[in-house]
Amino acid sequence: MKERKLKKRNLKDTPALVIAAFGTTSNGKAAYDIFDTSVRAYFADNHAQIVWAYTSEIVREKTGSPGILQALASLEEHGYRKAVVQPLHIVPGTEYQELADMCSDFPGMRVVMGETLLHRWQFVDDVISAVAQDFIPEGINVIVAHGTPLCADPANILYQGLDYYLTHKFPNCFFATIDGMPSMALVLKKIAAEKPPVKRARLIPLLYVSGLHVEKDLLGESQSLKANLETLGLQVDYLSILHEGGSFVKSLGFYEEVRSAFINRIERALKLLYYY
Amino acid sequence: MKERKLKKRNLKDTPALVIAAFGTTSNGKAAYDIFDTSVRAYFADNHAQIVWAYTSEIVREKTGSPGILQALASLEEHGYRKAVVQPLHIVPGTEYQELADMCSDFPGMRVVMGETLLHRWQFVDDVISAVAQDFIPEGINVIVAHGTPLCADPANILYQGLDYYLTHKFPNCFFATIDGMPSMALVLKKIAAEKPPVKRARLIPLLYVSGLHVEKDLLGESQSLKANLETLGLQVDYLSILHEGGSFVKSLGFYEEVRSAFINRIERALKLLYYY
Amino acid sequence: MKERKLKKRNLKDTPALVIAAFGTTSNGKAAYDIFDTSVRAYFADNHAQIVWAYTSEIVREKTGSPGILQALASLEEHGYRKAVVQPLHIVPGTEYQELADMCSDFPGMRVVMGETLLHRWQFVDDVISAVAQDFIPEGINVIVAHGTPLCADPANILYQGLDYYLTHKFPNCFFATIDGMPSMALVLKKIAAEKPPVKRARLIPLLYVSGLHVEKDLLGESQSLKANLETLGLQVDYLSILHEGGSFVKSLGFYEEVRSAFINRIERALKLLYYY
Amino acid sequence: MKERKLKKRNLKDTPALVIAAFGTTSNGKAAYDIFDTSVRAYFADNHAQIVWAYTSEIVREKTGSPGILQALASLEEHGYRKAVVQPLHIVPGTEYQELADMCSDFPGMRVVMGETLLHRWQFVDDVISAVAQDFIPEGINVIVAHGTPLCADPANILYQGLDYYLTHKFPNCFFATIDGMPSMALVLKKIAAEKPPVKRARLIPLLYVSGLHVEKDLLGESQSLKANLETLGLQVDYLSILHEGGSFVKSLGFYEEVRSAFINRIERALKLLYYY
């Protein structure tokens, strides 16, 4: 039982809210900033304490921002005894599971983790519907998720499910992952084998933020998925979005429906925390 | 993590309160009824759900009242997801520890256990001060607690501490336990060896309720502590109290200070539940 | 199993060392500074990372120093995957047990806790021998430890053992605790009952550092143990020690033997960490 | 915490290495012997203690070799307090998970388990590339793994992934499992339906060692996969390899790339053990 000491000073009776994201040092950070603004506005009446924690070690080193352990330790020091940790993760993969372990084991605080964006098949319906508004009707749409390198990770079930869902629901969708199965190599093979040959492709990253992954592995000048598709003779584009005068790859964080979805995840977690 | 399912119907957002007592089929039950009245009055504004659970199997069989598992299971079924379990136990002995294990492991509910009556040395001061008002100045006062049969049970520390405390703070106190150390046999020996011989003794049960233990082992006609002291030549009495037209052995449950103490234990547990 | 991710950057292969102390805002802090100097000198060849963590919330608020959770989270962020946490606690009481729980549960790091000063009866022999050099031969020595407020805390066994040890090994020793049993009230009663009456007493705090406890409860102008003994007609003194131009109550931290003892505790913990 | 007792005699400060294999009483044992030689040569400078443990009960009964519990108990008795257990398992299935549970719970020793051969999709790429050198260009290659009998075992994800990978990456590959899905019955059906009819097949066991499974279920005279394919009219072969004058079915253990891969798994586990 985590409920032990009643600190006599400075105990908070409200839960803290930790947004846990991979993080990025690229300009895709704007997607996190937009969510930060949304969340603070949405929960303004709660006067909730909202902090960010980053899972990428490199991002933490370069920005000095805390990881989940430092974030929880700091909240505990400031008198918080319960928290919701909402990951901005798309699927419940290895990183989500590690976060979950750290949160459930963290001494002295009761933590409820929010579900991921595509935690339920209903969410897959909702999110893909939103993203599908940006599909091209002619040519193909290549949706690319992060993937998991671990073969027996249950997250693979979701990736295989997305492959099945996208290729069966839409007439012109392909699905690949950057770091797992189905691989980009295999999807290139599938696309190359299409009859008649594909002329045009739109790349759609299924990632919260456009970071190094997107810039290099998907859209880079050489050896990227875009470069390989162009070598096959396709014309390749991807969506950009304008925000506060800057141009950004349109990652999931730029979809209002995705931000709303994550706010729903937070509300459900807060509700669990409230009733228990 | 216990916070899992959000039942869509009938979820309660307030904690339930379970009073866990050994139970009794003797008329000493009146002491529990008095506490029940106090607790319901004290927490009337909370509209709290208050239920009793009994740890004595024989009592449950004869009265049909629930044990802790049935009580928690029933509360869970009625939509409660958190509860305070306040034992009416005097010391954190074996039964308290078993209750604690069952509560911390109970699936689906977050339970905080209240501390026992004599959980802290400060409480020993407070409770004994209240009981000491009934000490006789001439003769001896023999305070009798339940005791623990397990040699390495940390509750023994408290029993030894009570022995030391009572014999050093008061000039005419003896301490024994019914089912542990120091035993009634050893205290009889000590009393028999007193010079000059003791003429008079008051027996004071340090139990919440007068039940079989008191009626037989302390005050019974034969082979009881009372009978053995009388055989040594002492005049032995014990306090009775009138309540609603009936006469009861004055056990701890008939002291207002003890009931207030237990209500404080409940408030601290509710506070822990609230902040975490 | 805590051994999971191999951080690709900045992993340390040496253990960190955390000294965990209650902390103080009084000038008794000098005792911690002396130990810090000793430890850094002793482990200079290891190039060990040595940090302090404080268990007193008030001390942390006033000094901005970290608690154990923040200290471990920070070490984990800097690449440490194993640590020894050496508490400067005298007995394995509640605070030691809470520290132990937090350390064994801390995600991502393997932590071995060092034993306390009086963890073994042999250590009681060693430490009391050192302190006994300051006993007065005429009059009485009143050794005062912190004590535990929880009746069933196994630390009480040690306090009772110290009482027995001191009163039997030495002809003129008394033992009391500030916040537990045996209480200062009870020991005052014992001293008052001595025949012939005691004329002189030396107060010897069995605490690492002289802080608020000592200044108020032991040596304060009114309502302290010193004041109460003086009211009984005793002449009361306590040892002071000069250090870097300042005068300090001679608490345990000013005994070289005690500092050596704690360094031995650290070495044993480092050894355990090394072999496992 | 496993770090408890410091045995005063004969404590080893280096980790032991346990190779955990299913085991075999057939002549396929040569594949284990080859690995044993490689491992001892590779870690010769460490002077590491290397022992084998077998998971097959029949093998242990017939050879008197130890299982994992006996191996760890014996190492603990000889003073080892930490160990790497490297399973020669191809996929993280039920047996791997059971080994993992036994290792993480083993009292008194800190154990890190190495990953399996095909733990990551990258490893699937590496190992299949090595095995593919033995594919026949004309006809079909039928790759057969062990499979898992448990429907909800995450290892199924890997088997399904292998099926997808092999059938999409190569123009003439089929995949089946001996004891799971996809079954040999289903793959026979697929092969029988091929147009034009398949004339020739090479059977490639994806098992570390050729044992009873191979000899009976794959290559046996009747009711084996080979016999069933021959009944369909195919000419069926499989690779043999000469080693120290004997002829062996070419199982995974006879590929240098596979042995190197397992040595990498051991090195990663040793690294984890070292940093934590």
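Note that the chains are named A, B, C and D in the order they appear, and that numbering of residues resets to 1 at the start of each chain.
Everything below uses one rule, namely that a contact is a pair of C-beta atoms (placed from the backbone, for glycine too) under 8 Å apart; a residue touches a chain by one contact, two chains touch by 3 or more.
Molecules present, by chain and UniProt name: A, B, C, D = Cobalamin biosynthesis protein CbiK.
Everything numeric in this text was worked out from a predicted model, so none of it was measured.
Chemist: Give the chains in contact with both chain A and chain D, ordered by label.
Modeler: Expected: C.
Chemist: Counting shared numbers against all numbers at the contact of chain B and chain C, is it over half, same, or under half, different?
Modeler: different
Chemist: Going by the average position of its CA atoms, which chain sits the greatest distance from chain A?
Modeler: Result for max centroid distance from chain A is chain B.
Chemist: List the centre-to-centre spacing of chain B and chain D in whole Å, with centres computed as mean CA coordinates.
Modeler: Spacing between the chain centres: roughly 61 Å.
Chemist: What whole-number Å value describes the gap between the mean CA coordinates of chain B and chain C?
Modeler: The answer is 35 Å.
Chemist: From the C-alpha centre of chain A to that of chain B, how far is it in Å?
Modeler: So the centroids are 54 Å from each other.
Chemist: Tell me, which residues of chain A touch at least two other chains?
Modeler: Only 4 qualify.
Chemist: Using the definition of touching given at the top, classify the network of chains in this structure as line, ring, star, complete or other.
Modeler: other
Chemist: Using the contact rule from the top, write out all pairs of chains that touch.
Modeler: Result of the pairwise touch check is A-B, A-C, A-D, B-C, C-D.
Chemist: In the complex of these two chains, what residues of chain A are touching chain D?
Modeler: My answer: residues 147, 149-154, 156-157, 160, 180-183, 186, 189-190.
Chemist: Please name which positions on chain A make contact with chain C in the complex.
Modeler: 4-5, 7-10, 57-58, 60-61, 66-67, 69-70, 72-74, 76-77, 98, 101-102, 105-108
Chemist: Which of the residues in chain D end up touching chain C in this complex?
Modeler: It is residues 1-4, 6, 11-13, 81-82, 104, 109-112, 268, 271-276 of chain D that touch chain C.
Chemist: Tell me, which parts of chain D touch chain A in their complex?
Modeler: 91-92, 118-124, 154-155, 157-158, 160-161, 164-165, 168-169
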